[in-house]
Each structure stands twice: as C-alpha cells, then as structure tokens.
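Common to both upcoming complexes is chain A, partnered first by chain B, then by chain C.
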Partner chain A sequence: MKITPDHIIYWQWEGFNLNATIVFTWLVMLVLVLISWLATRNLVVKPKMSRWQVSLEVVIGFIREQIREITQQNPDPFIPFLGSLFLFISLSNLLDIIPGFRPPTGSLSTTAALAICVFFAIPIYGISRIGVKKYLKQYLEPSVLMLPFNIIGEFSRTLALAVRLFGNIMSGSLIAGILLIIAPLFLPVIMQVFGLLIGQIQAYIFTILATVYIASAAQAENELQMKKGKEGSENNE
Partner chain B sequence: MSSVDLIAVASIFTAGITMAIGSIAPAIGEGLALARALGAIAQQPDEANTITRTLFVGMAMVESTGIYCLVISIILIFANPFWNYILSQ
Partner chain C sequence: MIVDLFTVIVQIVNFLILLFLLKKFLFNRIINIIDERENQIGKQFAEAEQKEKDAKLELEKQRKGREKLEREWEDNLIKIKREIEAERGKMMEEARVAVNEAQGEWERAIRAQRDAFLKELRKLSCQQVFLISKKVLADLADNRLEDQLINSFIAQLEGLDGRQRQEFKRDEFKGSGGQIRKNKVEINTAFPLSEEAKDLLIRKVKQLVDRDALPVFYVYPDLICGIELKTESKKIAWSMEHYLDLLEMGFEDIFMGNKEIVNLKDKQDIT
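Presenting the complex of A and B:
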C-alpha cells in the first residue's frame, strides 16, 4: 500500500524521479495559472463583466476580508503569498474528487515545502515592516531566558504546519481505502465527501495559521489601525 | 521468537497503543474547547462568526497532537522502516 504519491514513479532519468507528487503539483499549478489567465484577460470596471472575473473577485474578496479581520492591517502586502498558498492547497484538495488524482498535499515533501515557504516568509515580512533590530528584539521577549524557546518554537511550528496538513490529507484517502475492505458499498463515498470538507478546512487553517504567524511578527506599535470594515464580513461563513 | 516476528508484534502493538493513548488528550481538549465555544455562542450569538473561526483554528491546533499519533501508527503499519529492512535482508 502506498501512503504517499511520492512512491508512484512515472519517469526516471539519471537519479531524477518524476513521481506523482511533482506531476500533480504541476497539474494544479497549470489549472491555477490557466484560470487566472482566463479570468484576468480582459478586466473591466463596468457592471457588465465576465463571469470569470466575478467568480475570481468573490474568491479574492473573501481572502482579503479574512486576512483583514485577523491581522487588523492592510491585507494588500499579504495577498500574493497567502492567497497563493490558500488557492494551491484548496484546489489540490478539491481535485481529489477526480478519479486517479492523488492530492500532492498528501505527500510530506509538498507540505514541508509549503511550511518552509512560511518559515522564510515570517522574517521577510517582519523585517520589511518593522526593521531588523525590532524584529530580532522580539526573540528576547519577555526576557532573555526565553531566547532558546522562541527559536525552538519557530522550528516546531513549521514542523507542525507540515505534519498537520500531511496527516489530515493522507489519512483521509487512507481511511477511505481501509473502509473499502470493511464496507465497500456506501460508506467510502460518505468518507470521501467528509474528506473533501476536511481538505477545505485544512487549507483554511494552514492559511490562517500562516497569517497569524506573519502578522504577529510584523506587528508595529505605530501601525495605522485599519478601520474594520464590518460590511460584507457577516455573510462570509 | 525470531526477529521478524518480534518486529511485527512490536509494530502492531505499538501502533494500537499509540492511537489509544494519543487520542485521549486531544479528545478531552477538543471537548472542552467545543463546550466553551457553545457557551460563548449561547451568551453572544452575534459573535458566532468570530467564535466559530477561532474554534476551528484552535481545534486544528489541538488536534495536531492526535494527527501526529495517527501518522506514526500509520507509518508503523503501512511503511515500517524496520520491517522493510528485515525483509530486504
């Protein structure tokens, strides 16, 4: 039994293995790029806009509103990174409904790569917001004794991000496989639907946690507090 | 008992015991979190959006210890490195 798509190898050339994870990651990237290109081909501000543009605007508006509510800051600098994270994880978990597709997030290498991106994004956003000195000073809070724990926490939360996403997605497809042995008729279908829900929740949680980490590193006292836009945030969930 | 039997017995037993012990604490933690969140929603139904979102994120963090146990027991059963090593000899 293969628990990760890493072990399905399509093509091999001098130590380079083209496995299912890479292929399906490329597929998800291709779908995302294609949809974005189709939707942003001719953007208009008139009321008569294309369906592609409306649907993409809904998604971006939702992400913006969530980030604004959590960080209480202007969401624009965070949108490119966090939005891509959410869309990638969400789409790769959603495409699980296609037979034969193995979600690339069910492989520890993909989730570790995403978590390492977050790991490096935290100091980049933090330093660009509040400067090197203030950022490094955060490690000495509340006292110097906490320095090793702060550093360990930095690594352990990266590990936790990676293993959480991997464990949830991998166990979802694995439980469906095990249930096929016990009750092959209806139960696996229900578990697959449940797995889709879990996939979306995990994509949401991964992005929210990344947002919280980045925002907590980029907190500045003299930050211009955003006026909390209440309208539109009520009917999102 | 040969070493193959020993590895099989130890792996299966450990996988079961990992799930059994490792799921206690996350279950209690999630129950407490859910109870508190329901109480909070009952008191302030207007804030249900914020409470639900925080509850989801918090539960995912609580749940992660349980997920670690699940990953370890699945590795022990389906992708056991010691088992593969002893079979390759």
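Presenting the complex of A and C:
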C-alpha cells in the first residue's frame, strides 16, 4: 500500500512524473471550475435564483463571514486565496469517498505546496497592507533577539500546516485501508464517514490557520498603534 | 522520499491556476452579485425608510390639516350658533314688537268701538229716557218736562248759600271781543224756552243771584235735557248728563269685566 499518491505514476517523461496527486488535483480543479462556471453563468440579483447559485452564495457567504470575524477587516481581498484553499482542500477530502479516488491532500507534496503558498501569501498581504518596513519590523518584536525565533516560527508553522493536513488525511486513508483488510463489512463505512468529517474539519483548520497568519501580519500595524496608545496613556497617568 | 519537488512545484502552479480561475469564475462574480444584492436591498431599505418618512410627514400633514379643519368647523359652528341666536333674538324682538303693535291696534280698535258704542248708547239712552220721562210726567202730573226741569233748576238756585251767591256776583264775563261785560250771565238750555219760562228765570236770577244780572239765553242740544247758569268761571247746572255719565261708567265696568255695577244712588249731583 502506498502512503502517498505521489508514488502512483501514470506517465513518465524524462524525469517528469505524472503521478496520481497531479492527476487528481487536475480533476478537483476541473470539478471546481466547472461547477463555478456553470453556477455563475446566469447569476441573478433577484430573489429567484438557481440552486447552484444559492449553494455557492451560502458557501462564499460563510467563508466571507469567517474571514471577517477573524481578521476584523474587509474580507474581500482575502477571499480568493483563502476561499480557493478551503474549496480545494474540502472538495479533495470530500471526493475521498469515491472508490479509487486518492485525495491530493493526502500527499505531503500537495500540502507542502499549499503551505508554501500560505508562507508567501503572508508577507504579500502583510506588505501590501502595512508596507515592507513595518512588516519586517515585526520580526524584531518584541526585541531584536527574537528575530531568529520569529523566522523559525514562520517556517515551523508552515511545516506544521503541511504536516497536519497530510498526516490527518493520509492517516484517514490508511486507517480505512487497514480496516478494510481486518473488518471489511461495517467498520470501513464508519471510518469513511469519520474520514469525511475529519477531512472537512482539516480543510476548515487549514484555512482558519492561514487566515489567522495572514490577518496577524496585516493587523500588526493596528496592534502596534494600540500598544503605543496604551503605553502613552500609562505614562500620562 | 515523501515530498516530490516536481510535484510540489506543479501543485503550486496548479493552485495558482485554480486561484486565478476561481477568482475569475466564482469569487468575483459571486461577491459582486452579493454586493449588488446588498446594495439593492440597502437601496430598497433606504427607499422604504424614505417612503416611511414621507408617509409620516404626509400623515402629520394630514393630521394637522384635519385638526385645522376641525378647529375651523368648531369656530364656524360657534359663529353660526351666535348668528342664529342673534337672529332669533332679533326675530323674537320683532315679533314681540309686532305683537305689541297688533295688540295696541286691537286695543285701540276695541276702545274706539267701545267709545262709539257708548256714545251711541248714551245718545239713544238719553233720547229714550227723555221720551219716557216726558211721557211719564205728562201722564202722571199733566206737566211738561221742561217746566219740571226749570222748577228743579230754580230750586237748586234757591239752595245756594250767601257765599256762593257772592262768588257769582263778583265774577266777570269776558266777551268774544275781549271786552269785559259785567253782570252778564248765560242761561243755556237743551231745548228752546218759552217767554214765560224766560221771564221766570230772569226774575229768579235777579232775585236769587244778582239784582243787576243780565241773563242771555242760548240753546245747546248737547246739554241733554239740562239747564245751566254760567258766568266766566262759575256754573250751576242741572241735566241728565250726570246720570248718563254714571250709566256709561256702569257699562264700562261691565265691558272691563268688573262685576260690581255702579249704583246710581251712590253718586251725587254735581254743580
């Protein structure tokens, strides 16, 4: 049994391997884009709208509200990135229920790629919001001595993001496979259901953590200002 | 190796492509639609609020208008009531005046009719009494009524005391031309006197009133069976007029609703 779908190679050419991770990623992407295109072809403002539109509006609305609550900012700039993360991970984990489907999120390469995307998104959003200087200054807070720890923290949380998602999804698939061998009748079904639940929870956790990291970078200026304000008021007293 | 670098790079590229596609086909469209709907709902809310405000303003305007109309109606009502009251008072006053005038007219007419009736009655009564008395006296004593009247008048002259006679004597008579004629006395009768009666009266006047008196005789039918001796301010007379006056008063009392009829005996002769 293969731990990761990366090892399932469908096509190989001069060192480039077309493995199951990439193929199923394309499948998930295709499904997402197709559903999006179909659902948003005839969008209407009126209350009478298609079920697809209603479903997508509910999902997007949910993501939007979550981001708004966490960031306490206008969620619209964050939605495309964080929404794509959530939808991709969620659909990948959901399609795990289909026999033969190997979720791309069960590959450390995929989760690492997503974590790397988050890793780069944090400074991009942070710098775009508060500028390079202020963003880099965060690494020197609360003192210069903390710079290495802050840098390590950046990498470690990216690694944690990748490994957490990979471990949960891979373990779920492995447990389902092992139980299928031990007790093929009932337990795999229950474990599949749990796997679905865990998959959705992991998608939520991954997205929420990414939101928190991005928001913390973008809100650094506000926090600093609040800190300065507090210190000023204390000195006055 | 669990992590394949090529797969990582491909997955990063895949995710970026997915991000681009979803942003284009999903998020932007959905967010725009949601925002558009929110704006529309916001607009509708704003319109609804504006309409509510307008409706409240209109309601307030209508309420004020209604209150103004009610006030005007009440003022008009009070004014009309006052006008009606004033008109009623005026009409009542006019009616009262009209009734009073009608009543006055009526009373005047009644009084005039009564006076005319009494005058006629008096005249007829006098004529009847005179005729009856004349006939009775003629039947009983074979005397003329005129003689009885003259006798009665002479008896009255004889009844004058000394003071009364002196007053007659001192009185002067002013003639029609303004010249004063002393000793002149008028003897007025309702009927023509015979020469014997005139001589008798002259003789009695000279004897009883004034020796120098110069009696002049006149006939006045209005004296009603009477005879009078008259100077400028003094007069002594006897006639039926007094009795007729009493009779008239009796009739007046009857007309006015007085139940007590005047007793002729209670009245005294006046001279």
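The criterion applied here is as follows: the second predicted complex is superposed on the first by the 219 of 237 C-alpha atoms of A that agree within 3 Å, B and C clash if a C-alpha of one lies under 4 Å from a C-alpha of the other, contacts with A are read in each partner's own complex, and residues count from 1 in each chain.
Keep in mind that, in the parts below, a residue touches a chain if its C-beta (ideal position, glycine included) is under 8 Å from a C-beta of that chain, and two chains touch if they have at least 3 such contacts.
Please read all numbers here as calculations on a predicted model, not as lab measurements.
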First (chain B), second (chain C), both or neither touched by A:160: first
Touched partner set for A:171, first chain B, second chain C, both or neither: first
Comparing the two partners chain B and chain C, which touches a greater set of residues in chain A: C
Chain B versus chain C as contact partner of A:179, first or second or both or neither: neither
First, second, both or neither for A:198, with chain B first and chain C second: neither
First (chain B), second (chain C), both or neither touched by A:116: second
Partner chain(s) touched by A:6 [first = chain B, second = chain C, both, neither]: second
Which superposed partner A:88 touches (first chain B, second chain C, both, neither): second
Touched partner set for A:209, first chain B, second chain C, both or neither: first
Doubly contacted chain A residues - partners chain C and chain B: 3
Complex contacts: residues of chain C adjacent to chain A: 2-12, 14-19, 21-23, 25-31, 33-34, 36-37, 40
Of all residues in chain A, those that touch chain C in their complex: 3-4, 6, 15-17, 19, 21-22, 25-26, 29, 32-33, 36-37, 39-40, 43-45, 53, 56-57, 60-61, 64, 76, 79-81, 83-85, 87-88, 104, 107-110, 112-114, 116-117
For the chain A and chain B complex, residues of the former touching the latter: 1, 3, 69, 160, 163-164, 166-168, 170-171, 174, 201-202, 204-205, 208-209, 212, 233-234, 236-237
Interfacial residue positions of chain B with respect to chain A in the complex: 49-50, 52-53, 56-57, 60-61, 63-64, 67-68, 70-71, 74-75, 78-79
